[in-house]
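Below: one structure in structure tokens.
Chain nomenclature is as follows: A, B, C and D, assigned in order of appearance, with residue numbering initiated at 1 for each chain independently.
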Amino acid sequence: MTVENKILITDCPDEKGLVAKITNVRFAQNLNIIKNSEFVDTLNGRFFMRTELEGCLDEESLLADMARALPSGSLSRIVNKGRKKLAVLVTTEAHCLGELLIKSHYGSLDADIVAILSNHQNLKELAEKFDVPFHFVDHRNIERVEHESNLLNTLSEYDFDYVVLAKYMRILTSKFVSVYPNRIINIHHSFLPAFIGSKPYHQAHKRGVKIIGATAHFVNNDLDDGPIITQGVVSVDHSYKPEDMARAGREVEESVLTGALQRVIEEKVLVFGNRTVVFD
Amino acid sequence: MTVENKILITDCPDEKGLVAKITNVRFAQNLNIIKNSEFVDTLNGRFFMRTELEGCLDEESLLADMARALPSGSLSRIVNKGRKKLAVLVTTEAHCLGELLIKSHYGSLDADIVAILSNHQNLKELAEKFDVPFHFVDHRNIERVEHESNLLNTLSEYDFDYVVLAKYMRILTSKFVSVYPNRIINIHHSFLPAFIGSKPYHQAHKRGVKIIGATAHFVNNDLDDGPIITQGVVSVDHSYKPEDMARAGREVEESVLTGALQRVIEEKVLVFGNRTVVFD
Amino acid sequence: MTVENKILITDCPDEKGLVAKITNVRFAQNLNIIKNSEFVDTLNGRFFMRTELEGCLDEESLLADMARALPSGSLSRIVNKGRKKLAVLVTTEAHCLGELLIKSHYGSLDADIVAILSNHQNLKELAEKFDVPFHFVDHRNIERVEHESNLLNTLSEYDFDYVVLAKYMRILTSKFVSVYPNRIINIHHSFLPAFIGSKPYHQAHKRGVKIIGATAHFVNNDLDDGPIITQGVVSVDHSYKPEDMARAGREVEESVLTGALQRVIEEKVLVFGNRTVVFD
Amino acid sequence: MTVENKILITDCPDEKGLVAKITNVRFAQNLNIIKNSEFVDTLNGRFFMRTELEGCLDEESLLADMARALPSGSLSRIVNKGRKKLAVLVTTEAHCLGELLIKSHYGSLDADIVAILSNHQNLKELAEKFDVPFHFVDHRNIERVEHESNLLNTLSEYDFDYVVLAKYMRILTSKFVSVYPNRIINIHHSFLPAFIGSKPYHQAHKRGVKIIGATAHFVNNDLDDGPIITQGVVSVDHSYKPEDMARAGREVEESVLTGALQRVIEEKVLVFGNRTVVFD
């Protein structure tokens, strides 16, 4: 029953006196607060709180007390602090996967990569350098639904917290996506909502943009339309050809993806509708 | 004939030996180079050069020599270094106009504002603080073409280098725009090409973006689609309501617009098709 | 007794159960929370909370309840939301003063400038454009202590919340500074702690730096050594002469100063020792 | 004799007509220019040019012609475009080495790492993942001069262009440094010239800074005092403990180091005195 370093997430309709109610529950449970972050979405009438707790934590009792104290529609939950597990889907590009592997390896990303799945073979060698199981899941000559079924079967062999699309260049069906609600994270090759679709850097070059960006977001339905977690940009100029923009874009993709994942891993990202609350 | 501090702009089809040809023309004219910037757009086969010159400059003779040396299709020209004149169109928002006035006044922007035109009265007081003529050009009860004609008539009373749309919230017809090719500069309330159109910050809020931006661009035809000069961004988070995003957006608009204008004023911005070359 | 839009600042030694105690006080007073921000400085054992309150607020009673609930050493206080008043000290540079005047004028900075004091005459005209009283307080032929006494006399004629040193280029004695603890805000021409002292841009140029910055900070004793509020930077390159760096520096100074002031005005900045807590 | 893709670096005292002279040499040699960048340091009277050449290049003849055309004191040279070789010195921190290895591996950094030297054993495993020779060069129980002699002996077994200090935490003597003038690149754990010395993040935390940075620079004599190549920053706030600042600092260190190296590899960085010219 003694568990330290838990995080209590409160996500419920806003109403007067909420903080007092929640605080009293925590107080009655004799829990100490290490860090507390709150946000009231006054436009939508929703209350969000993230509390790092210390003390002898009876999860069942705490959640029951919370359920009694909070209005209906609450999505309170208790999550673990600390290292998480990731399954990673890739196609052929190495840069994001490489970044995840190296940062996972030396500890800058608080996550272990438990499996890498790809519809191509060429990143197998990179996976093996870091002793991560690599699964080639061929998409040729089969229907999309069968391919996704094969992916799901492979994923089902592993225990993981999140699926990361680290430049997985195939669109996932809503059926696949619905298996992992708010648990699939994509890095988009652009500053959403600009340049949705293919060849974004050719589009950006043609438009003569001076800044390009990348967007990390949850995938809940339509590929590029889910709740945004973080975005980053980099300046470019007239001397950048599309391939130079792509190179600059890859750098941003890497840093935006790892930045977003670190916040997700620390349970600082709450999804509400198509938006996110990202606590410090 | 003795003129110092001129800038020679070369803008022509690329071909082998161009730099040698141009350099020899300058050398024959006994001109010294203060600063030289070049760019070859290899994708489109176009050569751009900006040279700050010092010496006894016979403009006619220099341009004639350049015309002989360069391939046909050259757009060489000589422009003045130094302070420029701006006509400014506004609607009701004060922030960009205020920034231009104050920076023009204390010298951070190397430009004088010679006239301010608006279809509203409320910025008149601000214009008068800085002793700049303010023209109320009413758009009510008349056709767009007549309103633009009135604007053009008012503008024709002034000598200026550029027209600045400092939050002028009306679409200009291509007829108006064609009077000042590559001389109308707009600040767009968004990170183009995202959120074109009205209520961009409501769009951005709804989409849950984490970065908002602004774009300064030439207006050559379609309002928001001209060659981009500079873009800037600022980070926002879940706690930003649409009005907070708008406030942050105004800050970026100001700094992007003045930054773009300063580069244009220094003759560092060359337009080619729908893109710009912006030299350091 | 009915006052809306107050902010309760809690600043006290950290101890277990603090949040519950504070929350219960607010609850007992029947106050609603619009926005709540907390920070526990675990290294120094200090607790900070900023709460935007709504409701019928009896300040005296609330503070008395807080005093009973909190450990000794608490610096709880209630402050007003909304527009503040600034007295501004300048020397000869117009850029920061200009920025403050224009942003105060059109509302981007939630503050009124009630007086401008300078030991030079040249910014008088700018002050008068915005109908702000300008006081020339001559420093020639008198001792520093007498000059500061004259400044203090002039300041004493006005009611203001903060003194802003908007490029006031004279060192203030600790005697002057002690009159306005945590109420004097300076913009420093550098990225502190680099390049303290005179001619910072010549120093920066000589060192060949690639980024320059500016620092807004409270002045509590030694001029450049007070609690930092915000810092900003801008990239420069080899082509920047010291005067170009100075120009770029001025742009950063303006935006860092106004950004810092806005946060101070919103009562988001708490000082603790030589550091600040800056809430979102 | 036919070599494509060479870069001609001109670095000489400035004088009138230089560009014409250089251009005529290139023209006489029938070389085409792919990209040309120039900079005149008017404060120090020095001229810098970097030209990407295409054509049948007789290096000896070209350099002889250049020597005749340029004033004495010229440091003209021809260098290769393309992939370079790096020797890397590390101590115990993995993040910069990991970044170099992964980016070298998948091609984002145009360099091969030919050897890794360390006075500790713990990064050996990481080196071996990427099949790079790892040399443990023990510093215990020997004099500094002997340790450096052992490092130099090990380095002498390899062919490389640059030595990278990827968090090598020992000071190198000027004797060691003089072996590789302008060829040793260090990543400094701070925004130079701030926080020189040990425990920079504790210093930064104590000072309450709001931005931390990193500096990549050549090491020519005093460890932290060489010509700066690039600098980068990241925002921090009051909630960052020294270890959080260190983590943020590591991220900046990685990106600043790889960014600086990429520019050096592309021969875009010229050293002049204690400053650098970094061409686009």
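The definition used in the following text is that a contact is a pair of C-beta atoms (placed from the backbone, for glycine too) under 8 Å apart; a residue touches a chain by one contact, two chains touch by 3 or more.
The model shown is predicted, which means the values in this text are computed figures rather than measured ones.
Averaging Cα atoms per chain gives one point for each, and the point farthest from that of subunit D is the centre of C. Interface subunit A/subunit B: over half of the residue numbers present appear on both copies, so the contact uses mostly the same residues.
Each chain gets a centre from the mean of its Cα atoms; for subunit A and subunit B, those two points are 40 Å apart. Per-chain CA centroids place subunit B at a distance of 36 Å from subunit C.
Among the residues of subunit B, those touching two or more other chains are numbered 42, 237, 239, 280. Those residues of subunit A that touch subunit D in the shared complex are 94-95, 98-99, 101-103, 105-108, 126, 129-130, 237, 239, 247, 250-251, 255, 280. Those residues of subunit B that touch subunit A in the shared complex are 39, 41-43, 191-195, 206-211, 213, 227-233, 237-239, 241, 274-278. Residues 16-17, 19-20, 23-24, 26-27, 32-38, 40, 42, 280 of subunit D are the ones that touch subunit B when the two sit in their complex.
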